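Multiple structures are listed underneath, in structure tokens.
Next come two complexes built around chain A: one with chain B, the other with chain C.
Now for the complex of A and B:
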């Protein structure tokens, strides 16, 4: 009886995934395979369409050893990511926990913090950046009247911060706009997860005399750990695949020059790097995630 | 003792307010900037005294851009295409997410791996093959088979058709669908298992359990993913520019406007860069406003649905 149910369940699980399997074959695996073939070929345009000639690793060799910018751009982008992901995670969790508290005006602030989710988009970002009036604000430039950070490093020095620490801190001060705008989706997901933590758990903890700090680490943190994994992956993917990422810009530039095979080579190598990072993160975090079932 | 607590509470409230207000200013500033620039006359851009509040209000920029973007029709086009795609995507992604969250079956690991693959492979990687896929649409050799049987050359071209958006969406491969499937998987995994077990004992089938029990109990995730999905469709650039380059959608019209104005500013001798800024910021404003209004209208339901779901569990 039980085995029968098990067999039924496993069939049902597969059935649930069937639309996705058809979709992934048609709209991902097939184009992706074609793109891999491009990466190993030279494309020529003929009246019948695109013609591919196999050339082995030529595109990859050119990217790695001839192209002066490609490897450097990837290394820089990974380095930025290592700093950015923890900061964004902490910031968004912090904001979500605050927005989850009951205080006057929280609905207003929630609305404000979700605004970037609605409008973050390549074209608008490009327009704001191309506009020399607003680009200074976006970059946190000292010249802009609103977010002058030029004196802050001197101020911190005079308080007694070490120059090394300031060198780490100042870029964050400059990119506060960028951070605030990127944290919309993680905040949203953290908030949704926070709302699903049963209130009864906190009540019990309070009766047992747990402090707020203990409640956070013993109840809140494990309960929302599935969303921490989710958000880490989201932040990584968002950072690596957004159209303002320098590597993506490089790839788009090559596509624009009609060098499809080279662009394909660039993006597949990039994918291997990103994939390795995401796999590491998945393996490392998933071990510590607490799921209610299984 | 008690007064200490009052002071502590006050300090806490003050810090919370300062922190939130500070970040809010940063977030909101560009909106006010766009609004302020869009409503100005050109002469205000030369005036160093004008920072945010314009001296010469005008609606000319907005009117001009509305005409250039064919705003009314673009708006309708956007809402139709993105609304339908988004609903289809939610349906298919929640189904897959539920399957991955609650069942064990052969090949589940492979499906999960594929889900992560579509999250991290940038769509730019396969834009060109994807274009070809839709230009000569031939799913599993179906079109070739039909043309073989009927003897006519059948060539299905889905470029610039809404189907190029609807078909991937209904098959769980819409814009950023990997993230949405992952989100559903994580949400369903976090839900108590007793809900389903009760349903099975009552004799509900697997699909009905999902449809009648799990979905209504995950309103928060549904509303969240609906909002995200709609906005991602609305803001899409990569897929629209390759699959529907002539689409009458707000974002596409905005990007066309941006390209035109950049071109004019670069190549025309006596063009005024300030006028370009006015038009572009008006365009930005016009393309943000519909989603903004939608959000403000649904905002209450949105936050409430998140709250309400907290009761379950």
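Now for the complex of A and C:
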């Protein structure tokens, strides 16, 4: 009987996965494998389609030893990550904890923090970025992305700040912008997690005289630690793969130059670096995650 | 004594007036940063020409006008294919795609969260890998696959790749694990509930807020998809790529660009307001407590 139940469960479980598996096989695994082949070859365009000639590690060698920007960009990107990911994690947890409390206007603030997630994507971003004024004002400030510098500098100018002061303020504002705008999904996930913490635990703690601070570290934090792990993965993935990440920009540029094989080589090396970082972070955090055992 | 307890219910802790106002200040500052680009684009779209090009630029609009919107619609009217066709393309792709993906993602995430079959962990790992590997390179190979399936210039070219979107399954699986006690699943199974019914009448109602969130994300994602690379046939193009073409005039189309931004934002924002109760008040309403 028990074996039957097991068998039934496993069959059904697998069946449910099939449509998604087909999708991920066709549009993720297969393309990914093809791109490995590209990475080790030279592509030529023939009337019959793409032709690949195996050249060994040439693309990788070129990226590592000839390309002046690739390694440096990756190192910079990783360095930024070290700073950014913990800050983003703390910020979103902090905001989620606040938004989880009962106060007037809570729904309004939740909407404000979530709205960017909905409008921030794709074409809208491109249109905003290619905005004429934005680009003109941004001209002196290389490496800026998003609306950040654009709008803030414009606004500050119109209020009457001096350009010198703006130059100091902008990078600061820029990072707050980036942080705030990537915190939407993490906040939402933390909110969901916070609401599953049993109220009874807090009641007991209050009766025992625990302070809010103690309650947070002894109840809230351990209870939502699985979500902290998940959010870390999400934030890392988001950071490393958004179109504004410098490495992704570099790879996109190569694709734009029709150098698919070189771009494939770059992406695979990047993927290995990113994968290693994520694996390390996971091992470290996973040790501290509290899984509730029923 | 009674009062003492009353004050603590809800908020959990007594906080000083100062602390509360600091937290509000923090929220407000952050909110300003959040809303800024939105407000800015609205302002831009309402500015007449002379204000858009004014120097020094001003943030607020002085003489709001709908000229930009009017011009945009005039441009749209002059298109070779009727504008309504693009709207139809976009809406149908976004709606059908959302429905299909939500069904597929809930099924997959359910089995990844509560099923027990070989390879479950491998698939979960794969999803995380796929999250880390959104790269323009797979786009080339994806194109070849779509071409081989003879699906270039069809709606399928826009719809099929979403089957592989890892984010929704990742999110749903997370919500399911957080929100549904394993004991509920076990109890239903022992009572002889079929897996399909378990998903449909036990799991889905409980995680309705999560489903709403998934709908929102998926719609937004599909709505913003330009279909670049897969669609060359004019009559199969979707709104974002058409809008992009319309405003390709650069400087001279700055105002129309802002108007297009606002118009494209509208549908996802409408969906947001329709689902916001569920999405924002989320799981508190699920009624499942351990």
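What we mean here is this: the second predicted complex is superposed on the first by the 222 of 294 C-alpha atoms of A that agree within 3 Å, B and C clash if a C-alpha of one lies under 4 Å from a C-alpha of the other, contacts with A are read in each partner's own complex, and residues count from 1 in each chain.
Here, contacts are C-beta pairs under 8 Å (C-beta built on N, C-alpha and C of every residue); 3 or more make two chains touch, one makes a residue touch a chain.
Model, not experiment: these values are computed from the prediction.
**Student:** Taking the superposition as given, does A:252 touch the first partner, chain B, the second, chain C, both, or neither?
**Tutor:** both
**Student:** Answer with first, second, both or neither: which of chain B and chain C does A:17 touch in the superposed model?
**Tutor:** After superposition on chain A, A:17 lies in contact with both partners, chain B and chain C.
**Student:** Check whether A:237 is in contact with chain B, with chain C, with both or with neither, and answer first, second, both or neither.
**Tutor:** In the superposition, A:237 touches chain B and chain C alike.
**Student:** So, does A:102 touch the first partner chain B, the second partner chain C, both, or neither?
**Tutor:** second
**Student:** Touch check for A:284: first (chain B), second (chain C), both, or neither?
**Tutor:** neither
**Student:** With the two structures laid over each other on chain A, which partner does A:202 touch: chain B (first), chain C (second), both, or neither?
**Tutor:** Second partner only.
**Student:** Going by the contact rule set out at the top, does A:227 touch chain B (first), chain C (second), both, or neither?
**Tutor:** both
**Student:** Overlap of the chain B and chain C footprints on chain A, residue-wise?
**Tutor:** 8-17, 19-24, 26-28, 30-32, 34-35, 38, 49-50, 95, 98, 101, 103, 107, 109-119, 121-124, 126-128, 130-131, 133, 137, 147, 176-177, 180-181, 185, 188-189, 191-193, 195-196, 198-199, 226-227, 230, 233-234, 236-237, 240-241, 248, 251-252, 255, 260, 263-264, 267, 270-271, 274-275, 278, 294
**Student:** Which positions of chain C touch chain A when the two form their complex?
**Tutor:** It comes out as residues 8, 10-13, 15, 23, 26-27, 30-31, 33-38, 40-41, 44, 52, 56-60, 104-105, 107-108, 110-112, 114-120, 123, 126-142, 144-145, 160-166, 169-171, 174-175, 177-179, 181-183, 189-190, 194-196, 199, 210, 213, 216-217, 220-221, 224-226, 240-241, 243-244, 247, 250-251, 254, 257-258, 260-261, 264-265, 268-269, 272, 276, 279-284, 289-290.
**Student:** Taking the complex as given, what residues does chain B use to touch chain A?
**Tutor:** Chain B reaches chain A through residues 13, 16, 19-20, 23-24, 26-31, 33, 37, 45, 51, 92-93, 95-96, 98-100, 102-108, 111, 114, 116-130, 132-133, 139-140, 167-168, 170-173, 178-179, 181-183, 186-187, 189-193, 206-207, 210, 220-221, 224, 227-228, 231, 235, 237-238, 251, 254-255, 258, 262, 277, 280-281, 283-284, 287-288, 291-292, 295-296, 299-300, 303, 306-307, 309-310, 312-313.
**Student:** Which residues of chain A touch chain C in the complex?
**Tutor:** Contacts found on chain A: 5-6, 8-17, 19-24, 26-32, 34-35, 38, 49-50, 95, 98, 101-103, 107, 109-119, 121-124, 126-128, 130-133, 137, 147, 151-152, 154-155, 157-159, 173, 176-177, 180-181, 185, 188-189, 191-193, 195-196, 198-199, 202, 206, 211-212, 215, 226-227, 230, 233-234, 236-237, 240-241, 248, 251-252, 255, 260, 263-264, 267, 270-271, 274-275, 278, 294.
**Student:** Across the complex, what residues on chain A touch chain B?
**Tutor:** These residues of chain A touch chain B: 8-17, 19-24, 26-28, 30-32, 34-35, 38, 49-50, 95, 98-99, 101, 103, 107, 109-124, 126-128, 130-131, 133-134, 137-138, 145-147, 176-177, 180-181, 185, 188-189, 191-193, 195-199, 223, 226-227, 229-230, 233-234, 236-237, 240-241, 243, 248, 251-252, 255, 260, 263-264, 267-268, 270-271, 274-275, 278, 282, 291-294.
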